[in-house]
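These are the structures, in structure tokens.
Shared chain: chain A. Partners: chain B in the first complex, chain C in the second.
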Partner chain A sequence: MVNDSKIARIAFVTLLFLVLVFLYGPLLQPILVSLSATGQIDSGMTFTTRWYSEMIQNQMIGRSLWTSVVAAFLTAIIAPLLALIAALAIREFRAKRAIILLMILPLFIPPVTMGLASAFFLKLLGIPSSLLTIVLVQVIWALPFAFLVIVTVMASFNTIYLEAAYMSGANRWRAFVDVELPAILPGISGAAIFSGIIAFNETIRTTMVQGPYNTIQTYIWSTFLQVGLSPQLFAVMASLILITVAMVLVMVGISLSRPAADVR
Partner chain B sequence: MPRAYRYLMFLSPVIFMIAFVVGPIMIMIAVSFWQRQGFAVVPAFQLDAYAEFLGGVRTAVLSRTLTTAFFATALSLLVAYPIAYYLARMSRPKVVRIVLMLLTIPFLINYIIRNFAWAYLLVRTGPVNMMLMQLGLTDGPVDRLLYSTFSVYVGLLASYMPFMVFPLWLSLSRIDGRLLEASYMLGASPVKTFLRVTLPLSMPGLFAAVIFGFVGMLGESAVPLVLGGAGYELMGNTITSAMNVLNYPLAAAMSTVTVLLMVVLIAMWYFLTDIRTFLGQIMGRE
Partner chain C sequence: MNQAPQTETAPLLEIIGIHKAYGTKVVADNLSLQIGQGEFFTFLGASGSGKSTTLRIVAGLETADRGSVRINGKDIGDVPPWRRNVGMMFQQYAVFPHMNVEQNVEYGLRIRKMPAPERKARVEELLQLVGLRGMGDRKVTTLSGGEQQRVALARALAPRPLILLLDEPLSALDEKIRREMQGELKRIQRSTGTTFLYVTHDQEEALTMSDRIVVLKEGKAAQIGTPEEIYLTPASRFVATFFRGGNVLEVQCLGTEGDEAVVKLGDLTWKVSLRGHRPAPGPCLVAIRAESISIGEAAYSCPLRLKAELVSRMFRGANADWQVKLPGGGMAVVTTQRHIEHLPEGPIEIGFRPQDVILLGE
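And then the complex of A and B:
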């Protein structure tokens, strides 16, 4: 590798630092506002948990959060399962590039467009809005990410172990379940949590197919559109940020405990 | 298992995508040609929605959206490319993983929440203005920090740039270091090496980043609402307002234009660049 000059390294670290400040700095705002008695950030700020107790008493928020959790949970099961099958299909068929392109297509479709298309589709087929339609659009959005995670993990698995299993008399199903699956399991659980996080944080696609149901994100969005933001809403946002970060930490924890996946 | 069942199982994700992504998009394209009758929409083949979109005041919306998406994508690349470039050259995989994780976390947190935060920070009496005044950079608060082109760019960059690092990094880390050494040994300057070797070889990743950023920003609906303020119209929020007045063909026509651009860009990606190098990085050896 060609050595980089010191100046280049300093420039890179500075840029990275500024980008991280740009990305993480704003995350402090909802947390500070939600803890401030006046709902404002200033030097003489007094702390309060008032907005959080109001938040907990708000039944709309409780109900929306429950919908979000159920939808994210279902997405976290369905998306990695489809992703795993798709990753196996790449090995099976010759049209690899076409399959990959199709699987990552939703990455490149703007939320409004995908939401609109889903809404037309459901309306045309006469399918009423329900939890399932919410899960559908969330799976569509999470699937490319789950797919990329699983394909990457499966690429680090050496298929020679499968051949060894075949030679020992295992059929394809047994070879997959007994040899490959344990090795790629951390990747699959990583993809599941990733899908759950993606679904939990989705707004725009969901608003187009939600019907009378609210997820916690669409609750924030519709309240913003109708009456604007409030300290209580910032308390919800702060909680969502912390929940998301906690889920990421769980995901990192799982990926660090990956003894089996390093079989090469 | 009979052969047909096995195919059906393996192809279930493909069938899922065709049924629930490609199919709905096709339906949306069809609706863009339909006819409005009062509040209802009936199947037809007419270009009224497109005339309404491309003929009237909305031409300005389209051109503003295209310019905004173009420059915001370019700016994102200017930030994301150097980061990806340096990450790809880093020799310690642990550090690379940590940095990539740090860029992933904000991407995972709902970008609308992050845009609300920016709106709060940039408002006339907000922290950013206070800081600028305390530093003595301005005498009074800067009015156009929020609800301006500036704040819209901030929102777009914060929403789309972090993820653009990934395809760039995938492509750049695939480049064989020996090619760069060869280029140096043959007397090329670092700049020339970058322009003639690194940049062309990173095209698959660059294209993927551009499609993700540009098409996403083209259809972005929340950022102009939250950070652009009343009357700041980009295509995304114009689509939702057309939906709100039940003008489905118009909403569909505008969405069709974004899809069309997406298809053109993906086709260019597929045929003009060697995406095997890019996908190969994901799929391991090929």
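And then the complex of A and C:
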């Protein structure tokens, strides 16, 4: 029995290791390249921060990054708000499944199709490409995720607290703000960070509607297509990997600090 | 302007012809009730009898399909729950988990914009009333079920509601705490003079706490009355058997004499009060409480005696239940104090008083 459990443990650790290598191994390469003086991974690698200082001085990168940050920030505000309204609608209306389906359908539309369709639609309406149109497609993309997160959190909220608030004299709005919002806030902030990350990383849909602008992702993509890979580009990618990981950790931290299960 | 004339004796709450159905299931069937100021009024019934639904219609959390609810003569059908000035306690406590005890209790006062000093004083008063003095800054999630329900009670009473609705508030509590809270609720109801509308499926709870009880059956009022009336003089088989130890026996009605019916069971013939019923000659039903029947030697001193057969005995702590088979094959339960000597199974005599036999309408 002892041997069995030992074998099982070794098998488990090996499997876990392989999964981690499979998932995260590819991400190590850009980080190593970005720190290599030759821009290659070889035995005589010397460490440098040169590509990072070049990256910081590159104004195109700075501008793209700013566009990305602003678009992600706006998406992080707009998508959870719309998702919250939709989630509240689920409670009020009978057509529960229909609303859920409508909300998550954009998830299944291929990105190129969605991007092109959005671009044509905006052109039809005579809306010029701008930061606004970038935010628009990113919100459409982030909304299903934000919606699913918020619906899940709201499902664990017992509406009897709202009834208790009504019977204390609180109208619907007051009861929502005083009683439900504090309970679902971790979910809403989670949805906001989730939406922000998703918007920040969106590339294909954004390419179709960005016009003269670039986000950092579309910058990497177009530079790769037109110029090819450079150590500087690796430095950008490595930075983005680290930023994303940091944001996910913040999101996990928030959801752990106020467990939604506390509110039954 | 079809306002009812208001007199001093006008009921605080009127439920008029309420009807409510979920699909084909009717939970309130043309139900009408009047509840007076300061009354402890209980809805007693099994699950699905419509007691909670009726309470929630009064609260405004549900709407009736037909009928109306009036408070002080005013129809409140269009008034949302938060403007009815009706408090509520729930079975699941529903104290706000992210607020401490004090914040919970003062919630309704904050909404009503009561100034801080007054509010603090009122909260203190209520914490004292419900026995939670000095616990204002405790987190409610660290409190026991009984304590949480006390917080809920204080929160509901703080804004001085016209009526307090209590939806099985003690059902989730342990037996011991539940008994304690029964006494507390009754004491607080008396001392505050608040009208209580209480929903329970627990017969003992209803009997010990209420001024009046309505026994509900499928959304209809099976009987309305004081605990004594309902317990001792049930109007129907349903009400008689609702309480533990309620025997319903089939007897032969031989006819009526004045306001009494002559009934016969086995070879025993006696008279029972009509109580407004008009039984036709033939089989009819009477009720008698298990503790109103004597058995064995104790039966010898009773005015009416029957030969029966003892089937079994069940120990119930302070009491013992005896199953007896009556002439004609009907079964009855006899409850005695525990310490009666052990009786042998088989033929035995039982006895009772005529006034304890209640003629039933159905």
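Methods note: the second predicted complex is superposed on the first by the 244 of 264 C-alpha atoms of A that agree within 3 Å, B and C clash if a C-alpha of one lies under 4 Å from a C-alpha of the other, contacts with A are read in each partner's own complex, and residues count from 1 in each chain.
By definition in this document, a residue touches a chain if its C-beta (ideal position, glycine included) is under 8 Å from a C-beta of that chain, and two chains touch if they have at least 3 such contacts.
Computed from a predicted model, the values in this text were never measured in an experiment.
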| Between chain B and chain C, positioned on chain A by superposition, is the outcome a clash or a fit? | fit
| query | Looking at the overlay, does A:P182 come into contact with chain B only (first), chain C only (second), both, or neither? | reply | second
| request: Considering only the touch criterion stated at the top, classify A:I90 as touching first (chain B), second (chain C), both, or neither. | output: first
| request: With both structures superposed, pick whichever of chain B and chain C touches the larger number of chain A residues. | output: B
| Can A:A191 be said to touch chain B (first), chain C (second), both, or neither? | neither
| message | Just to be sure I read the superposition right, which of the two partners does A:L35 touch: chain B = first, chain C = second, or both, or neither? | response | neither
| Touched partner set for A:V135, first chain B, second chain C, both or neither | neither
| request: Report the closest approach of chain B and chain C over their C-alpha atoms in the superposed model, as a whole number of Å. | output: 13
| remark: chain B partner, complex, touching residues on chain A are 1-2, 4, 8-9, 11-12, 15-16, 19-20, 22-27, 29-30, 33, 41, 82-83, 85-86, 88-90, 92-93, 96-97, 99-103, 105-114, 116-118, 120-121, 124, 136, 140, 143, 147-148, 151-152, 155-156, 194, 197-198, 201-204, 208, 217, 220-221, 224-225, 229, 234, 237, 240-241, 244-245, 248, 252
| query | Which of the residues in chain B end up touching chain A in this complex? | reply | 9-14, 16-18, 20-25, 27-28, 31, 79, 82-83, 86, 89, 91, 99, 101-106, 108-110, 112-114, 116-118, 120-121, 127, 157-158, 161-162, 177, 180-181, 184, 211-212, 215-216, 218-222, 225-226, 236, 239-240, 243, 248, 251-252, 255, 258-259, 262, 265-266, 270, 275-276, 279, 282-285
| request: Would you tell me which residues of chain C are touching chain A in their complex? | output: 59-61, 80-83, 85-88, 90, 92, 94-98, 107-108, 111-112, 141, 152, 155-156, 159, 165
| remark: Seen from chain A, its contact residues with chain C in the complex are 158, 160-161, 163-171, 174-175, 178-179, 182-183, 262-264
